[in-house]
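Naming follows writing order (A, B, C, D, E and F), and every chain is counted from residue 1.
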Amino acid sequence: MAMLHTVNKSPTDRNTLESCIRLAKKGGSVLLIEDGVYGAIKGAAKADTVSNAMSGLSFYVLGPDLKARGISEDKIIDGIKVVDYNGFVDLVSEHDTTQSWL
Amino acid sequence: MKLSVQINEGPYTHAASDTAYQFTKAALEKGHEIFRVFFYHDGVNNGTRFTTPPQDDRNLVNLWSELAEKHNLDMVVCVAAAQRRGIVDPDEAKRNGKDGNNIAPGFRISGLGQLIEAGIQSDRLVVFGD
Amino acid sequence: MSETKKFLYVNRKAPYGTIYALESLEVVLIGAAFEQDVALAFIDDGVYQLTQGQDTTGIGVKNFSPTYKALGDFDVNKIYIEKESLEARGLTLDDLMPLKYEDEDDDWAEKDSIHVVSSEELSEIMDQSDVVLSF
Amino acid sequence: MSETKKFLYVNRKAPYGTIYALESLEVVLIGAAFEQDVALAFIDDGVYQLTQGQDTTGIGVKNFSPTYKALGDFDVNKIYIEKESLEARGLTLDDLMPLKYEDEDDDWAEKDSIHVVSSEELSEIMDQSDVVLSF
Amino acid sequence: MAMLHTVNKSPTDRNTLESCIRLAKKGGSVLLIEDGVYGAIKGAAKADTVSNAMSGLSFYVLGPDLKARGISEDKIIDGIKVVDYNGFVDLVSEHDTTQSWL
Amino acid sequence: MKLSVQINEGPYTHAASDTAYQFTKAALEKGHEIFRVFFYHDGVNNGTRFTTPPQDDRNLVNLWSELAEKHNLDMVVCVAAAQRRGIVDPDEAKRNGKDGNNIAPGFRISGLGQLIEAGIQSDRLVVFGD
């Protein structure tokens, strides 16, 4: 089943989230980890890019990384699912391939 | 499922090693097999026993060594990357005329072919980096 | 060594994804003993360092955010946050930890260390600095 | 070990500023011995790795760009460059080194290894890969 | 005399060049080094940002880093001066303070 | 003029150490005084004598050691950063119970106060990093 993409950098620091969204094939999934979780916040700079991409891609965010950064789940863009490390492992096994956008 | 993990950054400076550790631990606890953990680029710096992190923080090198012992993990440090960065085992020390070594328990130094093999043999390869 | 210089610590990186925020703070704490004129600037993703409610239990990493609250006790009380950086991230001052200090020249009144400034004001502050340490 | 997988090496970083481009190439060269189906993608600043006329004498660093030209001899001849990345950097194919290989199935005719593809085409190529190594 | 700013990252990878230009005080100088030299190329993504900033800031680029990346000097935005490591040292000593945008 | 240099990244992975080296060399050749070269963050990894880079590339650790010897440079590796990353001199080895050390010639391990002092004492401080 499709591809899992991980993004670990803040969209206001680097271009990885945008490149990932540009090149991820529809039907795939994107998991935001580490500083990538800032891309999941409502009302932040690239929030529209993420919202628009959600028609073709499923978005996930790593909960422990959100908590570490003091981001409560009610600040997350609607439709992004929060997963823990077990959920990360499940996403990897449910998708055929994982691509890390470094 | 058979998974492999690649780690491209050293401990502490980037979150890569932390995230990879939590991921690997979760995968093992869920019953997956970890075929190999491959340390590349600055990731080789996870394999030195000379670190002494502050007492109130995690000791990443020890965490990896302990996880490897508990689950019989194959943790490979890339030889070419290690030579550039000064990670040395007894064999490498002899070969390159070094007067000591710093490899941590559970890590072994080997070639990049081990990464390709991990890609071929594993159902999934997950890369953690900068 | 009797000379006093204006030190500016520029923080542009988010916490935990990399170590720069933590190791910058370590320099600030050591530097506080040198009786220089010290200011901190938080720009771009650096503003994320000061968010409230950081809880690192889940990632197994030390939570160093409480240290920012101790800066006032070390006479580090000039904390400049760029308004434009906050706004671009959808943040307001309420999302950040309140940082205070006691003003010894004003009967130990408790005052705010944080000053939200415009790009233009910050650019002026930078320009007045003698030593800029970037993280 | 008899199984053949599709390996995709994704290069997104400029050369020399960091080592990722060089160490990625080292993996590709070693990987070529494993008789897998290998492709390279150059995206974003990764396209800068292939520019003509690199001369590192002044920075005292090894110039590894000639190695890209040798890839064809290692049967690494599927080099995909994202058109959008090239254009965003004001580059055309003429700014890049020509990378060729000799096709053993076509009387050793010399052919281009480089294929400039759209985001959409590249997205399809990525999706078909079994193993993605990112640098 | 004013401040010297160094930028060492490509403007299509990170936001440092833009932040530097936003916050550098008029009258100061910007030196592009390492992967920052990609910001000096005519017609590239952020070339307009640089050109517009040149009314208030002097721009320099490190020649050895240009050469390493195969960028000939005729591709450089008009008005950006090419310096070598000696010129880098001179810029540091001629300006009161150096700020590195990392 | 009195200059100091701060280096935040290790050798090879980032250009910081290369650029800082070329800058420092040029400054010395122009007759400037280098008050101190301070290695912080991953920059401490410039100070290990265990590296063996490929023969056809520069040996950054040796270049720094040679420059230090020629110009009597004060090259300081931050102790806190070094402990996290496994750079050890004989004193640190004894203090932290390590069975060896890897510090390269010309480097010394000391505290962050040395960086602040460099900022105070020098006319200019130039930072090289990621």
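Some observations on this one:
One rule holds for everything that comes next: a contact is a pair of C-beta atoms (placed from the backbone, for glycine too) under 8 Å apart; a residue touches a chain by one contact, two chains touch by 3 or more.
Since this is a predicted model, take the numbers as computed values, not measurements.
Counting steps between touching chains, the shortest path from chain B to chain E takes 2. Note on connectivity: the fewest chain-to-chain touch steps from chain A to chain C number 1.
Chain centres here are means of the Cα atoms, and by that rule the chain farthest away from chain C is D. The interface holding more C-beta pairs in contact, when A-D is weighed against B-C, is A-D.
Distance between chain B and chain D, defined via averaged C-alpha coordinates, is recorded as 27 Å. Between the CA-based centres of chain A and chain F the separation comes to 38 Å, rounded to the whole angstrom. Averaging C-alpha coordinates per chain places the centre of chain E 26 Å away from that of chain F. Residue positions of chain D touching 2 or more other chains, listed in rising order: 16-20, 44, 59, 61, 131-132, 134.
Shared interface positions of chain B, i.e. residues touching 2 or more other chains, are given as 12-13, 15, 19, 22, 41, 54, 80, 84, 125, 127, 129. Among the residues of chain E, those touching two or more other chains are numbered 8, 12-13, 15, 34-35, 64-65, 84, 97-98, 100, 102. The chain pairs satisfying the stated touch condition come to A-B, A-C, A-D, A-E, B-C, B-D, B-F, C-E, C-F, D-E, D-F, E-F. Of all residues in chain C, those touching chain A in their complex are 13-18, 44-45, 48, 51-59, 61, 63, 65, 88-90. By the touch rule above, chain F contacts chain E in their complex via residues 1, 3, 8, 15-16, 19, 22-23, 25-27, 29-30, 32, 123-130. Contact residues of chain A toward chain D in the complex are 2-3, 15-16, 19, 22-25, 28, 96-102.
Note for the complex: chain B touches chain F at residues 10-13, 41-42, 45, 48-54, 61, 80, 83-88, 92, 96, 98, 100-102.
The touching residues of chain A, counted against chain C in their complex, run 8-10, 12-13, 34-35, 38, 41-45, 47, 63-65, 67-72, 84.
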